[in-house]
Amino acid sequence: MSVLETQGLTKEFGDLRAVDGMDFEVDSGEIVGIIGPNGAGKTTFVNLLTGVLDATSGEIVFDGKSLQGSPVHDRARAGLVRSFQIPRVCDDLTLVENVRSAILSRERKNNSLFTVLDWEDDTRAEAVDLLEEFGLAEKRETEAEAIPHGDKKILDVCMSVAMRPKLLILDEPTSGVATENKYAIMDRLQNYFETSDSAVLFIEHDMELVADYAERVVAMDQGRKLIDGTPEEVLEDQTVKQRIRGEE
Amino acid sequence: MSQDTKTGVAVGIRQRFGNLSSAVGALLLVGAFAFPYLPGTGQYEVFLLGQILAFAIAALAYNVLLGYTGLLSFGHAAFFGGSAYAAGLAMQYYGMTELLLLIPLGVLVAGTIAVVIGFISVRHTEVYYALLMLALAHLIYVLTVKLYTITGGTDGVAITTPTIAGVNYLTAWGYAGYLMGILYYVILLSFVVTVVLLWTFMHSPFGLTLKTIRDDPERARAIGIPVRRYRWYASIMSGLFTGLGGVMYAFLNGHVTPGTVLHWSGSGELAFMTVLGGTGWFFGPITGAGAFILIRSQAQQLTEYWHFLMGLVLFLVIVFEPEGISGIGARIRRRIQRWRGRGGER
Amino acid sequence: MVQQILSEQLVIILNGLSGAATLFLLGTGLSLIYGMLNFLNLAHAAFLPLGAYLAASLIQATVGAVGGTLGFVGLFVVFLVLLVVVVPAVVSIVGLAMERTAFKPLYGIEDDYQLLATFGIILMMEDAMKFIWGGEPVSATAPSNLLGTFSLPGGTYPWWSVLTILITALVAGTLYYFFEETRLGKITLAMAEDEEAVGFTGIDTRSIHLKVFVIGIALAALGGALYLPTASMTTGLALEFVILAFAVLVIGGIGSLKGAIAASLIIGMVQAYGSYYVPVLELALVFLLMATIMLIKPTGLFGEIEA
């Protein structure tokens, strides 16, 4: 079952074609890695998918419906959720509050006025459970601005996961994280997704991670799709070796 | 001492302080109810406290936008003055004299203004929001002055004493009795209702949504929150309660002019009170309103350059202690905690 | 009859142009500084009244000292030098001093609070001006009286306003040349769009900041100085100017000189025609215009920066 499909997706900035005719498909439950050199258009592609940028031409169909004209928040609510390369979290809120905010949004309870959160337990329990899965439970009452960068990245991912996405897009989930923790994060993510049928799209520069965790890999260069196949196929491809792995 | 004991003591202190705060709060509330009957409190003191309460309502409402949603507004005078004028003009042209009808009327008018100018302003970034609100509120001010045949222009509108639940307390008890016996309590009750409602709202999922938007609007969108819409809701909520404060002020003062309730300086004063008291603590704006009214009542006798003082304090607070009075209070509290913590280790 | 209508129209147009002149001088600095430093300085609007007040004092002092002795040309030259050179220079120095003490601490602060702090500054400036010059309106019409008026069927019109228009046009032209043609100017405009990129090329961005800042303030002061001889100044007007400066910003676009020129002309004309035909709605018309632009083209007529 195709969860996401793009056809001829293009984004032009003046003369520059940041994304050039991307045809792309993700099935539910698939884990797809996206690789490419800096400037290949990976993040722009993600911004197009999530609605942060409007496409110059081309189509995006998510869960059977066209995303044309759909704003960022509607796409997120529909199940297209992303995490950020430079982590975005709410600094003055505690970790629990951050995650709870995502849960409440998922439950469409944002406009609930007469429930006092201090005295409500369901969403709180869910938030704490999720934080535990990702190893952040100890710091749950700390304000997000006080935690180290690596933890912020995890929190960012945590918030996205809390949305129970149909498609989760992770923009360089391990960048800025110490090497010994990279696998820990990816393992946790893998554990989490074992039991759900979310599709996952992750942008990565670390080829080993890509080889270990992705079922399928798409290589991008200069806004275009270079090759799309199994990790073995893609990582052994000549052009990929030159253009992308050469950069490692 | 082991880590556990330290944490235990800290938690215990927090609990004790928690109780202390609520105890102090309860005491103040009782004091407020008893105020007109305390020895030494005459008309002037009750009037002053009434003003503080009216502005506290408006400042709490202002903080919904500034402290909780991260939006600065320079246009709140439109809500404050709009509701005051609505009440005054309804009295003048429709002969409405019942307070219990005039209050909802004023609040509704303020809310309607908020719906309109909020809708226009939220479509832009925070900075433009502030200035758009200023511009639109100023428009209302100018129109009020220019359409003087309807609004009385710069002379304003006199607010005669209303009946309350049908009873004319002025004739029954005289002005002092009316003020200290019933009007003050209407204001106090409105204040309490405002505190209860706004506290609940700000600690509800709605409040958390606002705080999420405040801290990172992009993040908020990425978790499915319609940022623009919620900023609009926040503007309306803020406008409604600011209107409540405005209508209270109108009845307390007995007179409204564009200069006192619709002019931009009023919005500035609200911002000042809120920042002075502290935007991070729910009750902060109340202390700010109190401090502002008290200082102003003294300072105006000393200097006509009151604006300079206000501007200076505002500037210093923002640069050095953005959490205002409550920030200073928090620092003191933390220092006491640390001191107690060390002492407790013994 | 036709003559009457034509001269009415001429008066309105001249009013519109001189209004536009003041707006341009006020708004350009604000727009450039906001575009470049991402610092919306409400207090900027207070430099116009400051310029006007200073101009008034200088004019009165001059008249008192040398009023009778200099001939027409001499007195005119003195006035011109005072208003076009001395006032902007002095106010720029004040502005520079304030930049270091009052504005610099604000640069890192969150937008809302930063704006609020500049509001505090404008309050202080207002009262400071009230302290020095008093709360009553201040005027000094000597320069205008010197030049006199020209007659039209139905009335007279001051030459000073015409001079204001000419001087401002000259300034606008110079600025345009500077920004569009010279290297330094183009760098400055580029900085307004992407400062980091320019910084990478090794150019001293701080010194350019200061230059733009000073130019902006000098322009505002000039605006005040030129405005004064045919009008009067009170402290309360600072707010009116804040709103009008903001209107120039919105309609013209942030950081755009062309936008500032266009917006000033449009607003000036709208105000002139508005105050002639429907005085009650004059300000409302400006707002309507602002709202329309914000709906159709949120970045302003010539701006590229979304707000």
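Labels A, B and C are assigned to the chains in the order they are written; within every chain, residues are numbered from 1.
FYI, a contact is a pair of C-beta atoms (placed from the backbone, for glycine too) under 8 Å apart; a residue touches a chain by one contact, two chains touch by 3 or more.
These numbers come from a predicted model, not from an experiment.
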{"item": "Pairwise touch network: line, ring, star, complete, or other", "value": "line"}
{"item": "Most distant chain from chain C by Cα centroid", "value": "A"}
{"item": "Approximate Å spacing (C-alpha centroids) for the pair chain A, chain B", "value": "42"}
{"item": "Whole-Å separation of chain centres (CA-atom averages), chain A against chain C", "value": "49"}
{"item": "For chain B paired with chain C, centre-to-centre distance based on mean C-alpha positions, whole Å", "value": "35"}
{"item": "Contacts with two or more other chains, residues of chain C listed in rising order", "value": "none"}
{"item": "Residues on chain A engaged by chain B in the complex (per definition of touch)", "value": "50, 71-74, 76-77, 81-82, 84, 88-93, 97-98, 100-102, 104-106, 109-118, 159-160, 162-163"}
{"item": "Complex contacts: residues of chain B adjacent to chain C", "value": "66, 70-72, 74, 120, 123-128, 130-132, 134-136, 138-139, 142-143, 146-147, 264, 268, 271, 275, 305-308, 310-315, 318-319, 322"}
{"item": "In the complex, chain B residues that touch chain A", "value": "200-201, 203-209, 211-212, 214-216, 218-227, 230, 233, 280"}
{"item": "Residues of chain C defined as touching chain B within the complex", "value": "40, 102, 105-106, 109, 111-117, 119-124, 126-128, 130-131, 239, 242-243, 246-247, 250, 279-280, 283-284, 287, 290-291, 294, 298, 306-307"}
